[in-house]
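Both of the next two complexes hold subunit A, though its partner changes from subunit B to subunit C.
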Partner chain A sequence: MSRALLEVKDLSVHFPVRRGWFEREQRWLRAVDGVSFTIQEGRTLGLVGESGCGKSTTARAIVGLNTPTAGEIHFAGKRMADLDGPALREARRGMQMVFQDPYSSLDPRMMLGDIIAEPLRAHRVYRSRTEERKRVAVLMDQVGLATSMSGRYPHELSGGQRQRAGIARALALKPRLVIADEPVSALDMSIRAQIINLLGELQDELSIAYLFIAHDLAVVRHTCDEVVVMYLGRIVERAPRERLFTAAEHPYTQALLDAVLPPRPMRDRRSLPLLGDVPSPVDPPSGCAFHPRCAHAVEECRVETPGLEARSHDHEVACHLTPDEWRGSDRRGADA
Partner chain B sequence: MLDVRNLKTYFSTDEGEVRAVDGVSFAIARGEILCLVGESGCGKSVTAMSLLGLVPSPPGRVVAGEVLLAPEQEGGDGASALDLRKASESELRQVRGRRIAMIFQDPMTSLNPYLTVGVQLTEVLEVHMRMRGEPARERAAQMLTSVGISDAEQRLNDYPHEMSGGIRQRVMIAMALLCEPDVLIADEPTTALDVTIQAQILALIRQLQEGTGLGVLLITHDLGVVANMADRVAVMYAGRIVEQGPVEAIFDDPKHPYTAGLLRSLPQLSGPCETLPVIPGLPPPAGSTERGCSFAPRCDRVMDRCWQQDPPTVRWGSGRHVVCHLDDIATEDGERR
Partner chain C sequence: MMKKIWRDKKARVGVIILGVFAFLALLGPWLVVDPSDMVATPLQPPHVAHLFGTTGQGQDVFAQTVVGTRTTLVVGFIVGIVVTGFGALVGAAAGYFGGWIDDLLSLLINVFLVIPGLPLAVVIAAYLPAGPTTIALVLIFTGWAWNARVLRAQTLALRQKDFVLAAIISGERHITIICREILPNMSSLIVSCFIGATVYAIGAQVGLEFLGLGDVSVVTWGTNLYWASNDAALLTGSWWTFVPTGFCVAMVGFALVMINNAIDEISNPRLQSEHTWATVLGRAGLRFDRRATAVMRSHG
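On to the complex of A and B.
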């Protein structure tokens, strides 16, 4: 039986909106609004959705870079809010982040070896330089960087090499959870596959759990055991990988899947793309926040906010309709 | 419509000469979408800039090649093609915007943040079409409507920063197509957008292009975009086109080991979900290979001669060609040159 490593319970992160001249009331941007999920030891959870839906804010709240407005984060059985001092430091060591942009996440004035050693130094892991060097060499080897590169600066590396360096640094403190925020989005095609494979190998080797944030569903399918789909700060669907990719139950998930362009010429496959933009999270639409863009919305969707409900023991959906009800119906244009 | 032959653009840098575009040839027919695909740094943008004489100089220099633009009226009075490389700056200014329009990944590079969209659109009409005042405004609004922007009249008064990325890209497209150009060059127009918005923009480009004679050079690094949009494909690697042909041929039967390797390595929504077969190593900087095939260090089928001799170009009647030493690439009708 696998054990829960990370539990996010009812997490909300609201940001105050700068007030205009005549505004009396403080308005809030609900970046994350009541999000719950669990990641098991050594497993990968994918977090997907269009930009601005709250993926990074969720990640930042987990590692303590954003203060939750409400909700709890439990890591390795401990409630993060209960921890302070050395216990908090210890818990934070167990979760590390890898960012999308390897360019901005590495200090340009530091050499590669020092970048990777930095967390080791911050946590005073080794007393001797020799031990530290050995560990850095192991890390570089694990992520596929030649140790001869340890004297290079970030600008002397390619995007893929920088991302490898970012991963090595995240692994330095032997975390049990790595939160990877769009780790391959900025990489070239041939390098993307290399990094996806690397993350998989590292998981097999070190049994790390990942929270894998991505907007590319094909990448998510190749990396994740379970997938959570977010829209405007809320979860709209959570399902095991195979289920999500073969039997999605939320129209938004289906729209995201339809937007993926397969690398196969198929002139007639084209479905109608999802219309419109993501609305502002300051002033979200009534009812189901997705209803203005949903091709299947009915009156109830405009009025009533659907809760996230279990459709089976491991599949949750926040939609008033079942796939039987919405598949094959496209109401767009009908009521226009 | 546009015929590019043996284009070479070099940059002089501290480390010596960079052959960013090193003998690139392709043609775009009327009403055709050609996708130029390759990984970053392979020379796609420099190719596009070279066509329009926009290469920053120094350090850049178009050192060779022809860029032939067919005369405006098809089968007209026998006027010959204009070689943009030999054109004067004023001729080029006429061509840019009027006959060849360009859009970029970041619309803000071509939109002025301090002017309303209406002012910018009508300015284009004034410069290229001598259209002013109310008719220009009407035409601008009509163009916004045709790129799927609602309340066009209203939107003319908006500033670019008041719009979402997707809407801004629509405005860019409207601006590019205002003067009904013959060729649209789109350099990664959807790379910065969400997949959902990307789908909208691609559908729009196709809708605006279908049935018109507009030729499109669509630059992308995304093979999904290529499969969905292209009539023909040119695969670029390290400053050269290594494989070119009709879209079905390229995807169904990729012949160059780079094209084949890329297609195998792509994560997909269906099929097996195991370790991805990767191309090892990194793309070299464009034009850094002195001798032999620039893909040799990463190629799974590399042979001795790949390191020593420049690979030959194998051509088929269908307009397909592959630049590679492999013997099995030449089929019956493939001719080695």
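On to the complex of A and C.
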């Protein structure tokens, strides 16, 4: 059943950093640095990492808001860089996006019905207003909004309702891929579950593929078939969901897993929490970018950047050590 | 929209004042004596026969004030409209497209900004054939850059909003995005730019004509002041020759600013629904809290 719908190959997005008028040397912010993954038709890939690790930049490069510095994006068998003009527009129809902040992703001056109909109008899908209105009503029904709300303005809706409207807009063109950029991070806990369930139901119903971006592994656990963990613009681990949650092989993934609030906090804590902040992507650390924060780093980690290596047919890790080598050896803990 | 403006007290005052002047501009010339005719003894203070007195040439000041309204307002509003329209076009294009388009347009805007407007206007007006058309062209030429600059900055901010990105992703054309997402979301800023530009245009026009750079044979508020000064109104103590005109200029400016304040509230749906809510809650004897958002229930 599975065919690659989206294929990202060695994607890099670098931004020039201007330091001053007289600075000779041009510096680059490596927001995304050699990222590859594929999403199968109708499946969900989770993209996880802390703020500033390049998740959103990856998403924006896929939909064309950022221009890749290097690498290729194939969507539905077509290389995006080969397309332009109407062909590119047509290809982009198949991928839509749900945004993180439901408060800024809806135009405050437009009524809900118009917001949801916008993609339909942009592509002139329907000739008559009646057909368009029917389609908008179907979409609103699909995402659980009362059709009577189509005349409402965004400020009259709650956060969850707005996010439903954002999802309806993304579905309007019947996309094959929906990129959800932290779709529930801005919502209350109780609403999160509703939206996640809604996304799951829509996937079953319409067989959409999702690229699900999150900074929280707890959210990913309920939605994704496969998970990619990013750190400072690079992939550190890629594994099927079950494997990632039971047998993570990268210390960073393990730290993220431990950061998920455990049901029994006093008994279940397994390692020390992550300390410090993500380093600047303009000036990344030598060797493995994670080594300054890693509790298990050895000399090699400071010198050499580990590549992404296959540990089994569907599990890739970028770490010099195997879990057996680093588990239980908390060097930072020993120092302290 | 008009109804909403009417409901706002401040705006109503502004609209009424502006309405009176618009009426005078339209029909004024048919209601009063010919403002250029010598109708009485020069420099008479206000009395029953000549409500605002007479000028040094024995013309009726009331008639001059009324007749001067038309040219002054027409030039003011035309300059306001053109300056705002052109500024919005240049500013939105620069802010939306960015890159070399922005570099080029920003350079143009900056060049026009560093040129001192009024002195240049004086120089140009002195060279071109005098008259209201010249004044309008000069004020448009020297006045558009400020609005372009302000609207460019606002466009830059809106360009990064998720709803604009969403429109881009959904395949909307650039022109449509500018017209449907960017411009409506800064409509209150555009209106306030328009009103600011109009007030400036009226002031600058009166100023230029006061300096004698307009056609002094046309009756406008500016030339009224020119003639008052020419006839040494201050020396002779004939205040009635310039106070009515000055008062009219001030009143038009006041009315425009009043309307501006109200439009800010009206064009923002959120402020508006807050207003409605405050009224509803007030009727129920409750206090309105700005921190709470009124939300509609989606089921049941």
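For this structure, a couple of remarks:
Keep this in mind: the second predicted complex is superposed on the first by the 321 of 336 C-alpha atoms of A that agree within 3 Å, B and C clash if a C-alpha of one lies under 4 Å from a C-alpha of the other, contacts with A are read in each partner's own complex, and residues count from 1 in each chain.
Assume a residue touches a chain if its C-beta (ideal position, glycine included) is under 8 Å from a C-beta of that chain, and two chains touch if they have at least 3 such contacts.
In this text, all values refer to a predicted model and were calculated from it rather than measured experimentally.
Using the contact criterion defined above for the overlaid structures, shared-chain residue A:Val303 touches neither subunit B nor subunit C, since it reaches no partner. Within the superposed three-chain model, A:Leu145 lies in touch with subunit C and out of touch with subunit B [touch as defined at top].
Of the two partner chains placed around the shared chain by superposition, subunit B and subunit C are both touched by A:Ser158. Once chain A of one complex is fitted onto chain A of the other, the partner contacts of A:Gln96 are limited to subunit C, with no touch recorded for subunit B.
In the superposed pair of complexes, A:Ala70 makes contact with neither subunit B nor subunit C. Contacts of A:Ala87 after superposition: neither subunit B nor subunit C is touched. Within the superposed three-chain model, A:Leu257 lies in touch with subunit B and out of touch with subunit C [touch as defined at top]. Shared-chain residue A:Val219: touches subunit B; no touch with subunit C. With the contact threshold set out at the top, residues 158, 161 of subunit A are in contact with subunit B in one structure and with subunit C in the other.
Listed in rising order, the residues of subunit A touching subunit C in the complex are 63-65, 89, 92-93, 95-97, 99-101, 104-110, 118-119, 122-123, 144-146, 149, 152-153, 155-158, 161, 166, 169, 172-173.
Partner subunit A is touched in their complex by these residues of subunit B: 39-40, 164, 166-167, 194-200, 202-203, 221-228, 230, 247-248, 251, 261-263, 265-270, 273, 275-280, 282-283, 298.
The touching residues of subunit A, counted against subunit B in their complex, run 50-51, 158-161, 188-194, 196-197, 200, 215-219, 221-222, 241, 245, 255-266, 270, 273-275, 277.
Touching subunit A in their complex are the following residues of subunit C: 161-163, 165-173, 176, 180-181, 184-185, 187, 269-270, 273, 293-296, 298-299.
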